[in-house]
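Letters A, B, C and D mark the chains in the order given here, with residues in each chain numbered from 1 onward.
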């Protein structure tokens, strides 16, 4: 697999097209849930994402988002939305941390597919420091939204 | 006044483009062009962001440090006198290149600083600094500053801030869908309230060359000051600022073979001499007490503190390099490559080039959108082939918004760019949509 | 509070000065030191104006242009990523050298620009820019800015202008006849109205090193911001800005082995993040519409337009050179030569050295008046012997007025200065009055 | 003669000490004369000179000056004060022009002692471009003062 192909793995390209959880307006937030929202801008490119999380009893019921950006950022939003729904807040936080470490590793850390699921496909991104922000954009937004939901 | 475009002051096409052999000779002066990235040879198509620097320019700077480095305009020992002579000779070289007088050339860090210098000097004038002579630069509520929809942020935000500081209003001339200035609207907008017209000579996204002569005429009619952003024209076309009859112009050395950290603000002599200072400190004063200071005439009034001496020396050498190549031929070459870019891109499916269509005048660049693929992914794909292009909003967000885009991919050329490089770029672009699985 | 001088944060004398052989090795890195002027070998004693640049620093810059030059923080192609990494690594190197964080380092053209950045950002805050967070930087009538009588124009005129723009009052701490700050007066002057205290760390005329610790304590007592002009200290002493606990500091690369055109503004992180921008344009914004712009956090908020990339790279290399030499040993050497200068001059008839007397701490420079001979004539005489010194007011007119002089002659040293050079200078000065026929 | 000695010729050193015409207050301007005054600053060093000329019927009756500066500038003030008194305005203007050309010549022009008198001793200055302003300071002041007297 070429460097480029390891960046744009098929899973990433697929997620970037069939975007899980995309559309804040399409489905209402579950009633009774604690809601948190976060809007993040990638300052290098100007791309933006808005994420809404709904938390019930420490469990994430729903992650919905709107945004526009490159394949990496859209796929990352799709993946966390899929991965996060149904997770405990603490567990997802831990996964976000694991993902962040993976992204910062400059290719030195092996992704654990058991923990990260489809997000393991992003390991190639860590070799492209300029693209790490793309992968992190929605994940950071989820992190902030969770903090708001719990505040 | 007619809204048709008048010819630029020196029409294109009167000089032949370079032969490929000549370009090969240029390339030998730029070792970086021989490097490889990702295991393939570099194809550098990002000169509109920053150009590469030839060995002779580096050598001029090195020579300065090995033989004459000293603080200029301050010292009186031999070394300082020599350094001052070299520094002022560099100013004269730039003046000659731009069709200006040496006293009309102020050194800055880059074009951005030149624009901020003007905006802050005008707001100092608005506060009464510079007295009666500087009143013509003072702005107040009701006054208008006019820019265009195609400006680089550097020629937009400083004016927004000036408007904020003085209460003046910022207005803008819209563009056509083809990325040309709407002169009919310009005529309507530039009116009695207009005090400053700030406009780019050539667009760093569209490639459009604006009709400066017409715009100056509109501004003169109402007594407005005209600032020309020459960042993308000075590197690519012969410029004669006196002939263009603009009041101010800014440019950056790093876009025209010089190192980073040096630029020029041009101002008509009597204007610079009447403007209040911007940066204050050493080397720009006559008498200082604890309470106040009196200032030197231009250009030194605007050159506070120790200057970018070796960078100025290098800039002069860069300009000599361009003069030796011939600016009319540089223009012909860039324009030929620019056309090749637009024509090649127009032939591809799902590609939308912004700016003037093929066959119409443009500088050596083309920015485009790839349907279904984000510009950063396009850039990444090209980079994998060793092709360096710029992606994003190119510091022109309002323009992109007007075009209905958030980002584009831009390829730009210079005198060292080969036809083969343009062709390699075009064939790579042809593969982008397939790679990302976009088929529609 | 006592008015006695407390020790500077790292007392001199704890490291040995260089051996002559070490200095000879340094000199081999500076080809210009081997040149001759007027047929005699150059004796360069003007490093306080601008230092010379070693080959390794030139080579670092050349390497950058030969291998990685590209626009930073904008491009996403490989070259741009590499250039950005190199540029940001240079920032981290400077931060390490100064005892600061990388985000606290803003690149400027020189110290003068850093000071103007502060003064203009504060006046923008005074107009309401930056909102509530920036209120602490806003000045109004009744507020006071305090400087000292020994400031360089760069640390005086920007504050005069800020006072003019905001209605604040500028006050100054006087000096003793020996050229030391009057701490008793400082204590009286720095009061509840004081918003900013701007003071030089070491005087470029007197050689005095100011008691920063005491001054910071006085400012903290009243909640004033403290700016340190480190132009003459950063090249000559180990600096730890966090330990000194100042809010801001400025310095210039060209005084510490780097090329011209690059300097640093240090600001405590939370202050820089709260301050409104100074220069506006590209690369410092997040979102721009035709009407307004939103800004990036520091340091990029203050770095508008294409940056001085290769100069930053060179500055980092210069700092590595100094670190390899050992800043404590640089200090010991400069201080030893400084003492030799003062002692030698004090022995001559009709010479008045300004600043602390022999035996008291000073950096490696001495400025003096020759009774009956104008400084420019002294300088001319020395230049004829190949000795390059600076003559004039050294951008400190108010200080000279305080000393009852209009101009002085200044000799200044650096790590490449030899004891023999100082001695050659001293014997030449001994002949000056005779040459000009002054006998009394 | 060394370069330096050709700059600081004995005549110059002498004039710089025994300053002809120095002292605006010492002697009043002749009554009935047209007066002109000019204050010039040498911006490179900050030195200043103030010159007063008194013209009667197109002839210069008196040149007086105050100032502080280097040996070159003080000697130049002394010399023009001596040279100018008794000259016709037109003649002195011509001499100032001749002196200016000499100063700008970077050592390529031979000074004509018959025309310039003691001012011919300044020819060495032309080889020191940084000092030309010193030599010109008082001469430019006289030029301006004459213009005022004739206005």
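Methods note: a contact is a pair of C-beta atoms (placed from the backbone, for glycine too) under 8 Å apart; a residue touches a chain by one contact, two chains touch by 3 or more.
Values in this document were obtained by computation on a predicted structure and should not be read as measured data.
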| item | value |
| --- | --- |
| Centroid comparison with subunit D (C-alpha atoms), farthest chain | A |
| Distance between the centres, which are taken as Cα means, of subunit C and subunit A, whole angstrom | 47 |
| Subunit A-subunit B separation of Cα centroids, rounded to whole Å | 39 |
| Mean-CA-position distance for subunit D and subunit A (Å) | 81 |
| For subunit B paired with subunit C, centre-to-centre distance based on mean C-alpha positions, whole Å | 32 |
| For subunit A, residues that touch 2 or more chains besides their own | 44, 46, 128, 131 |
| Numbers and ranges of subunit C residues touching at least 2 other chains | 38, 76, 80, 287, 376, 380, 391-392, 397 |
| In contact (per the touch rule at the top): chain pairs | A-B, A-C, B-C, B-D, C-D |
| Parts of subunit A lying in touch with subunit C, wherever the complex brings them together | 41, 43-44, 46, 128-131 |
| Residues of subunit C touching subunit D in the complex | 38, 373-377, 380-381, 384, 391-393, 397, 406-407, 435-437 |
| Residues on subunit B engaged by subunit D in the complex (per definition of touch) | 73, 76, 80-81, 84-85, 286-287, 296 |
| For the subunit A and subunit B complex, residues of the former touching the latter | 2-4, 7-8, 13, 17, 44-47, 68-72, 128, 131, 134 |
| Sites on subunit C touched by subunit B in the complex | 31-32, 35, 37-38, 42, 44, 46, 49-50, 52-53, 58, 61-62, 65-71, 74-80, 109-113, 115-116, 120, 124, 127, 129, 149, 152-154, 156-158, 160-161, 164-165, 170, 172, 252, 254, 259-262, 278-283, 285, 287-293, 304-311, 376, 379-380, 382-383, 387-392, 395, 397-398, 401 |
